[in-house]
Each structure stands twice: as structure tokens, then as C-alpha cells.
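These are the structures, in C-alpha cells.
Look for chain A in each of the two complexes below; its partner is chain B in the first and chain C in the second.
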Partner chain A sequence: MLIDIKDLEFSYKTKDRGNICVFKNFSFCLENSYKKICLTGPDGAGKSTLLKLLTGVLKPAKGSIKLRGLTPNTNDRHFIESISYMSQTLGLYKELSVIDNLKIFAALKGLDIKDSTEYLYSLLKKVDLLQFKDRQFDDLSGGMKQKIALLCAIASKPEILILDEPTVGVDPLSRKEIFSLIDEYIGTNEKSCCIFSSAYLDEAATSDFALILEDGQVILKGETTDLCSKVVNQTYTLEFSKNEKPDIRDIFSLTSRYIKNSPIIDLNPRLGQINLTVKENTHKEDLIDFLHENIKKDFILKKRECSLEDVYICYGMKNHVFVEPDFIKNMNFQKSDDIVVQVKDIKKKFGNFVAVEKSSFNVKKGEIFGLLGPNGAGKTTTFRMICGLLTQTEGEILVNGFDLSKAKNDARKTIGYVSQKFSLYQNLSTKENLVYFARSYGLKRDVQKKRIEKIVKDFSLEKFLNTKSGELPFGVQRQLSMACALLHHPKILFLDEATSGADPLARRKFFDKVLELSSYGTSVIVTTHFMEEAEYCDNFLIQDRGKILILGTPDETCTKNGKRISVKQAFVELIEHNRDKEDENEQA
Partner chain B sequence: MNKLKYLPILIYKEYLQILKDKSVFILSFALPLLLVLIYGSAIRMEIKPVSVCIVTQEQNSLTDRIVKEFLLSDYFVTQNTPDFIKANEMFKDEHFKVLIHIRGGKKKDISPGIEIEVYLNGVESQLASISLNYINQTIKSAFTKAGLSTSGYSVNIRNMFNEANESVWFLMSGHYVSILTLLCMFLGSFVISREWDRKTIETLCATNASATEIVLSKIIVYYVLTVFSIFILLVTGQWLYKTPISGSIILSFVSLFVYAFEMLCFGIFLSAKIKSQFNCAQIAVVIGFLPAVMLSGLIFDLRAVTPIISFIGHILPPTYQVKAMRILFLSGGQSLYIMFNILLQFTIAVILIALTVRQVKKDCK
Partner chain C sequence: MKAVIEESILRIYALIVKEFLTILKDKSSRVILFAPIIVQCFIFGYGASYHLEHVPYALYCQDNSKEAFSLLMKIKHTPKFEQIAVCDDMHCLTDKIDSQEALLGIYIPENFSKTKNIDILTDARNTASANTAASYVTQIIDENNSKNSILNFRYLFNPNNYTRYTILIGMCLGLSVIQVLLLSALSVCREKEDGTYDMMLMTPSKTYELLLGKAIAPVAIATVQSIILILICNFYFAIEIKGDVFSLLCLIVLFDLAIVGLGLAISTLCKTTMQALISGFSCCLVLILTSGLLTSIDGMPDWFRIIAKMNPVHYGIYAIWNIYLEGKSIFDILDLLIPLAVLGVITFSIAAYLFRHRIDN
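After this line comes the complex of A and B, so read on.
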């Protein structure tokens, strides 16, 4: 047996809410033959906890855990040498250099430090990071850090790699590299296997065995190929001719999340078309009728091969609580030509380093605008300049007509900002956070009260009003953070990797909100590493090494030889092509 | 040997981290300098009431008057005895701080030739110099009330035990203790909590390193830093204030080094227990500062405070260290007490290390 868990019980102690039970009567077995096992599920499902229990960093309150016959125990050197654990926070020493980190962790796992230098260099060479060996770990870009942490785990040649979200917050290019490193390791070491957690379902789909957790329960498990067959008759693509294509904002509310008896579970834009996932046993004719009734445009409905993501959505939605929406469906969204953000030739230098070079773009009213790019491309810098958190070295930024360099405060009043780290006050309760933000936006007392009541309802925060925000589940923190940013009804909403680490379902709900806001005329500017989220954008740009490489609608930017390709493919190809070209120029 | 196989690499890791982290350097080098200046020049306080013993060999209306004046003043706690030899012995044993010996004069005849000798316990010179004013005034007032001219007597003042009468000498030995308490606890408070804050502890625990090795590596490296700090502290302190060391210099050093070790262990124990650098540093400063300065008898004599505070003072290690340092610096001798103190502080340190290891084991090993 690879994994053998019997009657596991585990709970966390918290100050506010007492003991929170993560696992109760949890049992799970897995054969030795699997090489790549993926754990997925929403925030707070217990993925990280389970991985920590498997490593022995946490100990079960009750029950037994066996990993290849051994009980996880960090004091048992035999066990410890057979595994490697990479935590979500990486857990390396940020002030030390890359090579020192590698050396220390290799030595602590029993490698001879004198003989291992060559070997460690060869590992670094393999991921093309040898030139960074003396760089301080903290100065690396997100993708590089992740790779180094993975190398630290691999260096001791463990039998079992336990990786907690090895690709969270990482761009598609680095993700690809990280997974090829993992695949190579488990491919060349016969006895080895990898247990990892991920919020990316396309990564999960590459594993042999997937386990979907929710609230400490296994809601679905099985070989990945088998799992996909579970929803085999439930996936369709809705195709429109070019001119007939409806705006996503007009149709996103056709799902059962908003219309109780809708046959559609999920609807999202992919590859320029609309992907549908429908309820079990839905007849195609009924679906067509429903669609005709609600979409007054010609379409072709085609069956589509289903993915693990569809399975996840179908199973995840079963527990979804239906919320009566208070906005009008099919609102017939009208595009506006008013420009709300105007960026003209901006440039940002940090010392000698040029972070952003000559960038210009416009964002219109009600538009969803995406900033994409690999880690360290200058997205966040661009983003922070538009929000007024950084001042550009050159160029001009107009936000709602205010020149940011002259009227920063006036401009700021019209924007809302959700950062990757949520910037909530951890020690304040949900309600206190809301009140604090409402006051800091200068809302009057009666307005404050109304807005808070409304927003609490919109984001279903009622249950959590008195919980400290630091103790909220991650997904709820995300909701609260967005709620806080919307209290003053901003004209522009900035979302900086706000969905990082979120499961597909949470991301769907998040984008429902974004679409709703956008259809009311709020412009939304997003950065994300989930390339499929870019399909929601009216326009997006791809940036690398400070320069804008491409700017346009998804259909314009993601067409290759007349055929529509995925944003991810377009992204990876564009970046690789651009880097090759730049490197060639440099050599010349 | 095999048990501590991973100690060297962990020590190497801590060493690298300290090299990179300038804040630790500032803490261990600049803080002792700063504190020795602040403490040495700023903390000088007075104590009240002062215990006085008046020896009156002959009783007459004047001596009665003087005793009465002292009894009435709330600045003094007064005893009266005719036995000078016994009183003198009690004075040496520090039962009271001031001994007033009235000589001369007859039973009835109160007038001329009266001689008053005032002995002050100069170890606490601050107290001595302030109380001298009060003593003079009280005696003057007794003379005036008895209808006598104030020129009719002479007062001889003798400073015992601290002949140069430097308050900083008396305080400095105690300041070394409180500075070390604050410094070592502060330094220790970051050590394990930083691993928690940066979430590196889990990765560290998922290696072969045992809890004992982790804790020991940290103590060893940080103790080396502490040793540097002690040198800086003592060199600066002695250079600025030139406190004489009456007792054994070696014992003084050993005593301070052991004490610093104990306080470092206490800081590290706190950091393992509390797991947040911010909270831990706050707590370390509060409990490192308060007992060492307020409750150790350094400034407020434990015999003068309420019993409950005195009791708390007596269960805290700094109290014994302050006393030991005073003996070593000012009077010398009593080596049994010094040895006892070293042993006591060392035992506590060992217990603290054991508790820290247990805590780390419980949390993630």
C-alpha cells in the first residue's frame, strides 16, 4: 500500500472558534502502483493538512496513517529519508543564497556535504539556474523560487515527493517547467512517486490518481481517466457565428447558480466559444429549448470531450447553496466608449533596472481588462502604478480623467483594490473590517450601514460577521476582501492575482461577480496566472521583461494559422518566441 | 556522537543567517552600548524610608528630643538602643542603613561637648547622600526645639564600604545584570519564533535534524554572539564608570556568563512557546526589563516593598544575580553564596533547554 489511512481524526486549535475539526473518521487507501497522485478541492478542504499529516509534521489525534508501511514520524530517520516535503510557503531561508539553501537541506537529509556540491550544481544546471546559485533566495522571481524549493526536495533522492501546491502563483511557463522536472524525477527513479496538491485542474489531469476533498471528506476519487467518464454526456460547446456571438455578460446568469431550474451547471468562455456543463440526464433537446428561449441568437450545440475540471464543477456544485440574485438577467450589455484609464508611454525604473518600458493602453467603461505575463514581467509594477501606489518614472496616467501625478487622492476615491494578500486586518472581525473600510472611504453613517448590509448579503458573509478575518477560510477572506474594495462603489476595480490558489468553483463564483459588476459599468482590471480566466476579458495584454508583447481581444491574440488556440498555448508560445529572439539579439 | 550528527550543519546554517541578518548584529553590539550609557547615567533613584538606629549611651532631654524627631519623620524608621557594640554589628549585617551614635553630655546637663557620629552605609551611596541631608535637618530641628544653638554640636560622618561614595558603582553591578537580562532575552526571543513566522520550521522538521539538534545549534550560535555582547558591555561599562571589583574577577565573569546563558535560554524558550516574533519580542522586553530592574532589589530594596512583591522578587533569578554581583563588585567575600548562585542559574538554564526541546518536539517533531 502506498497510502493507508484508517479512522483519521484531526483538529486545529484556534483562539476564536475553539477546535476546528478537519478530519473525522477519514479512511483512505491507495495501491502502490500509482506514481503521481493529485489532491484537489476548495480552500479549507484539508489538502495541506493531509499532506502535513503524511509527512509527520502534524500528528493525528486518532487513527493511523501508513505511508509505504511506515508511520509518518519526523524523528524516524528511515522514514524521513524516504520522503521529501515541500510546503506551500516553500520553507526555505530567504536571506540565504540558493546554493546554501540547497546544501543545508541536502545535508540535513543525510547527504554528504563535501561530495554533494557537484551533484547540486548539476541539478541547478538542469533547470538552467546555475548562474543564480549565489543569488539570495528572496531576490528570485516567483517561478524560480518554486523551482529551487522543488530541487531542495528532490536533492535527497526521496522515494516519495510530497508537494503542497508546487505551482501556486506561478506563470504557465514556469508551471510547465516545474512539472517536467517532477515527471522526469519520478520517471527515472523507479520506486519514486509524487503526491501533490493543486488548484489547477489541468495539472491534476496529468496525474494517475486524483482525490477531491471537501470539508475533510473525499467527495470523489479514482484514476484520472475513469473520473472523466463520470460526466461523459454532460459537456457541450455552444458555437456562434462571428457576428452573432452574444456578450458573456448577457448569458453568464443562465446557470443553475441563478436560475433554479436551469439545466446548465456551468457556462464559461473557452477558445472563443462557450463551454457548457449540464445536469445529469439532461436531454439535448431540452437544453436546446432552454437555450433558444434565453439566447435570441443562432447557435450550434456540439458535444465536447470532458475534462477533469468539468467533473470537479459537477461534483462541487452539488453542495452549492442557491442564492436568489437581485440583478436582472439578460440585461443586454451595451459597450461604452468612455475611456476610464488612459496609460500613455509609462516607464518605471528601479535604480538601473527597467521594470516597465514604454507601455500604453486604454481601459473603457465596463470593460474587463487583463494583464498577463510571467513572474517578474512587470505586471505588478504596471498595476501598482495605475492604482497610484507607485509613481512612474516617465509617462502619464489618467484615471477617470484625473492625472495620477497631480490628483492622486481624487483618482483613488474612484478605485477599489483587491491584492493577492487580501490586505485585511487579521485581528478585526469581518464586520469590523467592513466598517473600517467604509469609514476610511468617508461614507456617511447611514450610507455605511446600508452598503454593509447589502454587501454582506451579496457575498454571503452573514455567517462570518463576528469571526476574526485572520481565522476565516481562505475563500471567505477573498470574498471579504472584494466586499471591502466595493463598499464605496468604485468605478474601477483592480484585482491583483485575487484568484491565486482558488479552486475552479471559487473562481467561477468570483468571475460571476466580476461579470455582474462589469455589466453595471464598473471597469475591472485583473492580473492572473489562470490563463482561462483571460477568456472573460474584453481585452488583455501580455507583458514580458517590461514590454507589452501583444494587446487585443482574446480572439485577436489567440489565433494561429486561422485557428483559435487556447490563451495558455498562445501565452507560452509568445513568451518563448520572444525570449529566444531577445537572447539571440543579445548574443549578436 | 551519532546523536548530534546534524549539529554542525545546523550551526553552519545559523551562522550564515546571522551573517546576512544585520538586525541581529545591531541588537547584540549596539544595544549593550546604548543600554550601558542609559542605565549608567540615567537610573539613579532614592529610597524611603531609611532605617536608622540611634545609640544613646546617656539619656537626657536632648537625646530624647533627637530620637523623637527621628520617630516623627516619615522619612526614617527608627530604632533606639544604648548598646553601641550590638548596634554596630547589626549595622554591618545591614539591618539598617544609618547608625547614629550620640556621645558626650551628662544625664542632666545637656549642653556642651556633645558629639554625634553618623555612619552611612556607603554601598548604596545614592541613598546615603540623600539621607544625609535629612539627618542633618532632623538633628538641627531637635536642637532648635530644645532651645539650643545649633552650633553647640559637631557631626562626624563616616561612609562605610564605599569610600569614594559613587552611586554609579553601587548601581552598575546591578545594571550589568539588568542589561544582560534584557539583551539576552531579546536576542533569544527571535530565534525560534522567526522559523515559525517564516514558516521554515515545517521544512526543517521534515529533515533528519532532531529537536535537540535544532535547539542546541541555535543556543550555541547565539551564545557566541552573547559572549561578544558581554565583552562590549563590560569593557564600555568599566571604561566609563570604572567600577572597582573587590571580589574575584574570574568569579565575576563566570557568574555573568552563566547568567547570560540562562537568560538566552529563557528567551529561546519563550520564542519556541509563543511562535510569533512580534509578540515574543514584546513579552521578552516586558518581563526581561521589569523584574530585573524593579523587583530584583537593584533599585527598590526588597526589604522595603510589600511582602507579596518581595516574595515575587525572591522567586525570580535576577534577584540572586543582583545580590551576587553586588557582593563580587563591592564587598568581595561570601564565595559560597556566589557559587550557589552560579549553580542555581545554571540549573535553571538546563531546565529551560529541556523545556524548549520538549516544546519543539511537541509542535512538529
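After this line comes the complex of A and C, so read on.
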């Protein structure tokens, strides 16, 4: 047996909310033959806890855990040398250089450092980071850090690799590299296997066994190839002719999240078309009738091969409690030509380093605008300049007509901002945070009370009003960040990787909210590493090494030889092509 | 116009409430704010005194005259003095001091009755106690010598010349310096580390609103602390407040405002809470050491005295002595309060400048 868990019980102690039970009567067995096992599920499902229990970092309150016959115990040398664990926080020494970090972790696992320098260099060379070996770990970009942490885990040649969200917050390019590194390792070492958690379902789909957790329970498990067959006959593509294509804002509310008896569980834009996932046992005719009734345009409904993501959504929505939404369907969204953000030839230099090279773009009222790019491309810098958190070296930024360099405060009144990391006052309760932001935006008492009541209902925060925001589950923290940013009804909403680490269902609900806002005329500027989220954008740009490489609608930018390709593919090809070209120029 | 002012006040109010909540919400942080201060007050009350209650001495006397005998009896019957050894040679006398058994060595040579010559040896490894002990003996000898004209010392404003008085009263402000400085130095840095700094900057608050919002909570907490300390001094250590309470309160608030600007300036300069903590602490040490609270400013070299004059704590401490011990009112000590206010304006301006220009980093 690879994993053998019997009657596991585990709970966390918290100050505010008492003991939180994560696992109760949890049993799970897995054969030795699997090489790549993926754990997925919503926030607070117990993924990280389960991984920590498997490594022996946490001890179960009751029950037994066996990993290849051994009980996890951090004091057992034999056990420790057979596994490697990469935590979400990476756990490397920020102040040390890359090579020193590698040496320390290799030595801790009993590798002889004197003989293995060459070996460690070869590892670095494999991920193309040898030239950074003497760089301080903290100075690396997000994707590089993640790769180094993975190397540290691999260096001691463990039998079992346990990786907790190895690709969270990482761009598609680095994700690809990280997974090819994992695949190569478990491919060449016969006895080895990898257990990882991930919020990216496309990564989960590459594993040979997947486990979906929710609230400490296994809601679905099985060989990945088998899992997809569970929702067969439930997935469709809705195709429109080019001129007939409805705006996503007109149709996103046709799902059962908005209409109780809708046959559609999920609806999202993919590859220029609309992907549908429908309820079990829905007849195609009924579906067509429903669609004709609600979409007054001609369409073709085609069957579609289902993916793990569809399975996840279907199973995740099973426990969904329908709440009557107060959002009223807006069936004819009109695009506006009013420009709300105007960026003209901005440039940002940090010392000699040019973080952003002459960039210009406009964002219109009600538009969803995406900023995409690999880690360290200058997205965040651009983003922070438009928010007025950084001052540009050159160029001009107009936000709602206000020049940012002159009327920062007036501009800020019209902006809402959700940052990448949870950045509210952790010591303050949900309500105190809301009140603070409401007051900061000058909302008077009666308005303040109404707005807070409304937003608490919208984001279903009622249960958590008096909980310290630092002790909230991640998903709720994300909701709260968004709620705080929307209290003053901003005209522009900035979302900086706001969905990082969220599961597909949480991301769907998040984008429902974004589409709602957009259909009421709020412009939304997003950065994201989930490329499929870019399909929601009216326009997006892809940036690398400070330069804008492409700017346009998804259909304009993601076409290859007349055929529509995925944003992810377009992204990866564009970046790789651009880097090759630049490197060539440099050599020349 | 009215709406603009109302909004501005609301924003400052939001910041103040938030600051109080972050500082005071946890029970443990409430304890940390008040318990150590009170403990320190008692430690200073009992521990920080240059007075000697017990002076061990060794004696080597070669003179058998009546005068010598009467002097020796006087010393012996002074309650603070304790004779621990009678020596027969110089060697023995120095020995007793070397081994720290005696703090003083008294040598009376053979012809004392005629020459009135007397040698006092003191252990100057600890200068403060050596000086004090020597001055005690001098006083006794002086009294003995001048039978007709006795010098009577009267210590004004501190009748028993207790060093405890001056140190304790100074510490009512001194301890709150530590608090204000650390609270304000940490407040911005903590937000930088938590990522809430950006969120705060993203609100439409203006720089002065942010500064005010950040300053008021530490000032209020430090003021409450100073009041607690003054109450302890007054009721427990029975040091009478000579001045009026209003003047004292004005001084404390003005003083804390002057210090909080410095703390906020440190906080904007530092990147991590660790840096802020260490910088804040070193700053405290310098401020208190050059303030004239523990050592006399008069003893410093001229050029160094100029530095001391730029220290807000110096003015604060002299002012509280003036009000508490001498009973002066704020109008009597404008020469101390005006420089204090000027220094406050300077530190605040620096903090405001840094706040505005440090955003890029």
C-alpha cells in the first residue's frame, strides 16, 4: 500500500472559533502502483492538512496513517530520508544563496555535500538556473523560487515527493517547466512517486489518481481517466456564427446559480465559444428549448469531450444551496466608448533596471481588461502605477479623467483594489474591517449601514461578522477583500491575482460577480495566472520583460493559422518566441 | 466645503478607531502595554537611587589624640557607616578596598591633631557610589572641624535630597517615550509586512490625515501610561505634586506628540518590523541618555551639549521637574515648551515628507 489511512481524526485549535474539526472517521487506501497522485478541492477542504499528516509534521488525534508501510514520524531517520516535502510557504532560507539552500537541504537528508556539488549543479542546469546559483533566494522571481524549492525536495532523491500546491501563483510557462521536472523525476526513478495538491484542474488531469476533498470528506476519487466518464453526456459547446455571438454578460446568468430550474450547471467562455455543463439526465431537446427561450440568437449545440474540471464543477455544485439572487438579468449589454483609464507611454525604472518599457493602453467603461504575463514581466508594476501606489518615471496616467500625478486622492475615490495577498487587518473582525473601509471612503453613518448590510448579504458573510479576519477560511477572506473593495461603489475595480489558489468553483462564482459588476458599468482590470480566465476579458494584453507584446480581444490575439487556440497556448508560444528572438538579438 | 471637511474627519476617525483596535484588541497586547510600565515604575522607585544606605569602611588610625577619637566616634555612630575592619598598616587598608569588602578606607596619620591631615581612599570602580560615600565623610569632617560655623544644607524642592524623586518623576515621561516610539515605529512597518499599507494608501486619505490617524492612538496610550505613573508617584511613593494637574496634562500630550513624529519617521524608513524595533530601541536609549535624566547635562563637553539640546526628551524632563516638583505652571516654562513644540513640528514634518516620498520603495 502506498497510502493507508484508517479512522483518522484531526482538529485545529483556534482562538476565536474553538476547535475546528478537519477530519473525522477519515479512511483512505491507495495501491502502490500509482506514480502521480493529485489532491484537489475547495479552500479549507483539508488538502494541506492531509499532506502535513502524511509527512508527520502534524500528528493525528486518532487513527493511523501508513505511508508505504511506515508511520509518519519526523524523528525516524529512515522515514525522513524516504520522503521530501515542499510546503506552500516553500520554507527555504530567504537570506541564503540558491546553491547554499540546495546544499543545506541535501545535507539534511544525508547527502554527502563534498561529492555532490556536481550533481547539484546538474540539477540547476536542468531548470536553466545555473547562472543564478549565487543569487540570494529572496531576489528570485516567484516562478524561480518555486523551481528551486522543488529542486531542494528532489535533491536527496526521495521515494515519495509530497508537494503542497507547487504551482500556486506561478505563470503557465513556469508551471509547464515545474511539471516536466516532476514527471522526469518520477519517470527516471522507478520506486518514486509524487503526491501533490493543486487548484489547477489541468494539472490534476495529468495525474493518474485524483482525490477531490471537501470539508474533510472524499467527495470523489479514482483514476483520472475514469473520473471523466462520470459526467459523460453532460458537456456541450454552444457555437455561434461570428456576428451573432452574444455578449457573455448577457448569458452568464442562465446557470442554476441564478435560475433555480435551469438545466445548466456551468457556462463559461472557452476558445471563442461557450462551454456548457448541464445537470444529469438532461435531454438535449430540453436544453435546446431552454436556450432558445433565453438566447434570441442562432446557435449550434455540439457535444464536447469532458474534462476533469467539468467533473469537479458537477460534483462541487451538488451541495450548492440555491439563494435567490438580487441580480436582475441584463439581456442587452451595451458597450460604452467612454475611456476610464488612459495609460500613455508610461515607463518605470528602478535604478538602472527598466521594469516597464513605454506602455500605452485604454480601458473603457464596463470593460473587463486583463493584464497577463509571466512572473516578473512588469504586470504588478504596471498595476501599481495605475493604482497610484507607484509613480511612473515617464508618461501619463488618467484615471476617470484625473491625472494621477496631480489628483491622486480624487482618483482613488473611484477605485477599488483587491491585492494578491490577503491584505486586510487580520486582528480586526469582518465587521470592523468593513466599517473601517466604509469610513475611509467617507460613507456617512446611514449610507454606511445600508451598504454594509447589502454587501454582507451579497457575499454571504453573515456567519463571520465577528470573526477576526485573520482566522477566516481562505475562501471567505477572498470574499471579504472583494466586499471591502466594493463598499464605495468604485467605477474601476482592480483585481491583482485575486483568484490565486482558488478552486474552479470559487473562481466561477468570483467571475459571476465580476460580470455582474461589469454589466452595471464598472470597469474591471484583472491580472491572473489562470489563462482560461482571460477568456472573460473584452481585451487583454500580454507583457514580458516590461514590454507589451500583444493587445486585443481574445479572438484577435489567440488565432493561429486561422484557427482559434487557447489563451494558454497563445501565451506560451508568444512568450517563448519573444524570448528566443530577444536572446538572439542579444547574441548578435 | 463642509462636506469635504466632514469626509476628512470621518477618514481620520476611521484610522484612529482602526489603530486602537489593532493595538488594544488582544488581551495579551493590552497586558504588554500596561504591566511592564507599572513594574518598571516600582523598579525605578526602589532601585534607581544614588543614595547609599550602607557604607562599609576600613580604618587605619595612627593618632591617639582626643580630636581623632571624637571624629572616629562621630563616623562610627552615623547610622549609614559600618566599620568592617581596623588595620595596622596601609597594605591592609588597600587590601580591604581591593577585595570590595570596604567602600571607604579612612587613614588618620600620626600628627592629625596638629595638621588636621586625613586620607580617604574610595573604590572608584563605581564612581557614583564612591563620590556619594566620600561626600558623606567630608560632611562629617566639615562639621567636626568648624565647631562654630556649622554648614547646614537645605535641599530645595526635594527636602531629603532623594535621587529617587528626580529619577522617578523623569521616568513618568521616560517610560512613555519607549512606548510611543515603539508603538509608532511598529505601526507603519507592521502594515507594510501585512500588506495592509497599500490598502491604506489606496483609500482617498491625504498624507496629513494618515499621519494624524496613526499618531493619535500611540499618543493617547502613552498619555494614559504617564498618568498612571504619576498617580503611583503621588500616592504610593508619596511624592507630592506641587504644580497643577492641567499643566502636567498639557505637557504630557505635547511631549508625546513631539516623540510620535520621530517614531513615524523611523517607521516609514524601516522595511521590516525587526528593523523598526531595533531602530526604535536604539533611538530610545540615545534620547534618554542625552536627556539629563540620569546624568547631568552640565558634565558633558560643550559640543555634545548642543546635541543634547536638540533632544525633545531633555525639554520634556526638565519641564516635568519644573511642574511636578517646583509647582510652576506651563506659562512659567515657555522657554522649555517652545523648543519642545518646535522639535515636534520638525519631527512631524520629516515624517510627513518621508510618508509622501517613500511610497515608491
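Convention: the second predicted complex is superposed on the first by the 586 of 588 C-alpha atoms of A that agree within 3 Å, B and C clash if a C-alpha of one lies under 4 Å from a C-alpha of the other, contacts with A are read in each partner's own complex, and residues count from 1 in each chain.
Operating definition for what follows: a contact is a pair of C-beta atoms (placed from the backbone, for glycine too) under 8 Å apart; a residue touches a chain by one contact, two chains touch by 3 or more.
Only a predicted model underlies this, so the values are computations on that prediction, with no experimental measurement involved.
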Return fit or clash for chain B versus chain C, each positioned on chain A through the superposition. clash
Partner chain in contact with A:L92 - chain B first, chain C second, else both or neither: first
On the A-aligned overlay, A:Q426 touches which partner chain: chain B = first, chain C = second, or both, or neither? second
Pick one for A:I80: touches chain B only (first), chain C only (second), both, or neither. first
Check whether A:Q342 is in contact with chain B, with chain C, with both or with neither, and answer first, second, both or neither. neither
Applying the touch criterion given at the start, work out whether A:L390 contacts chain B, chain C, both or neither, answering first, second, both or neither. second
Looking at the overlay, does A:T282 come into contact with chain B only (first), chain C only (second), both, or neither? neither
Touch check for A:Y441: first (chain B), second (chain C), both, or neither? second
So which bits of chain A does chain B touch that chain C touches too? none
Chain A partner contacts - residues on chain C that touch it in the complex: 6-7, 10-11, 13-15, 17-18, 21-22, 25-26, 194-196, 198-206, 359-360
Touching residues on chain A, where the partner in the complex is chain C: 387-391, 409-410, 412-413, 415, 417, 419, 421-428, 432, 435-444, 484
Chain B contacts chain A in the complex at 6, 9-10, 12-13, 16-17, 20-21, 198-210, 361, 364-365
Which stretch or stretches of chain A touch chain B in the complex? 52, 55-58, 74-75, 77, 80-81, 83-87, 89-96, 100, 104-105, 107-110, 113, 136, 152
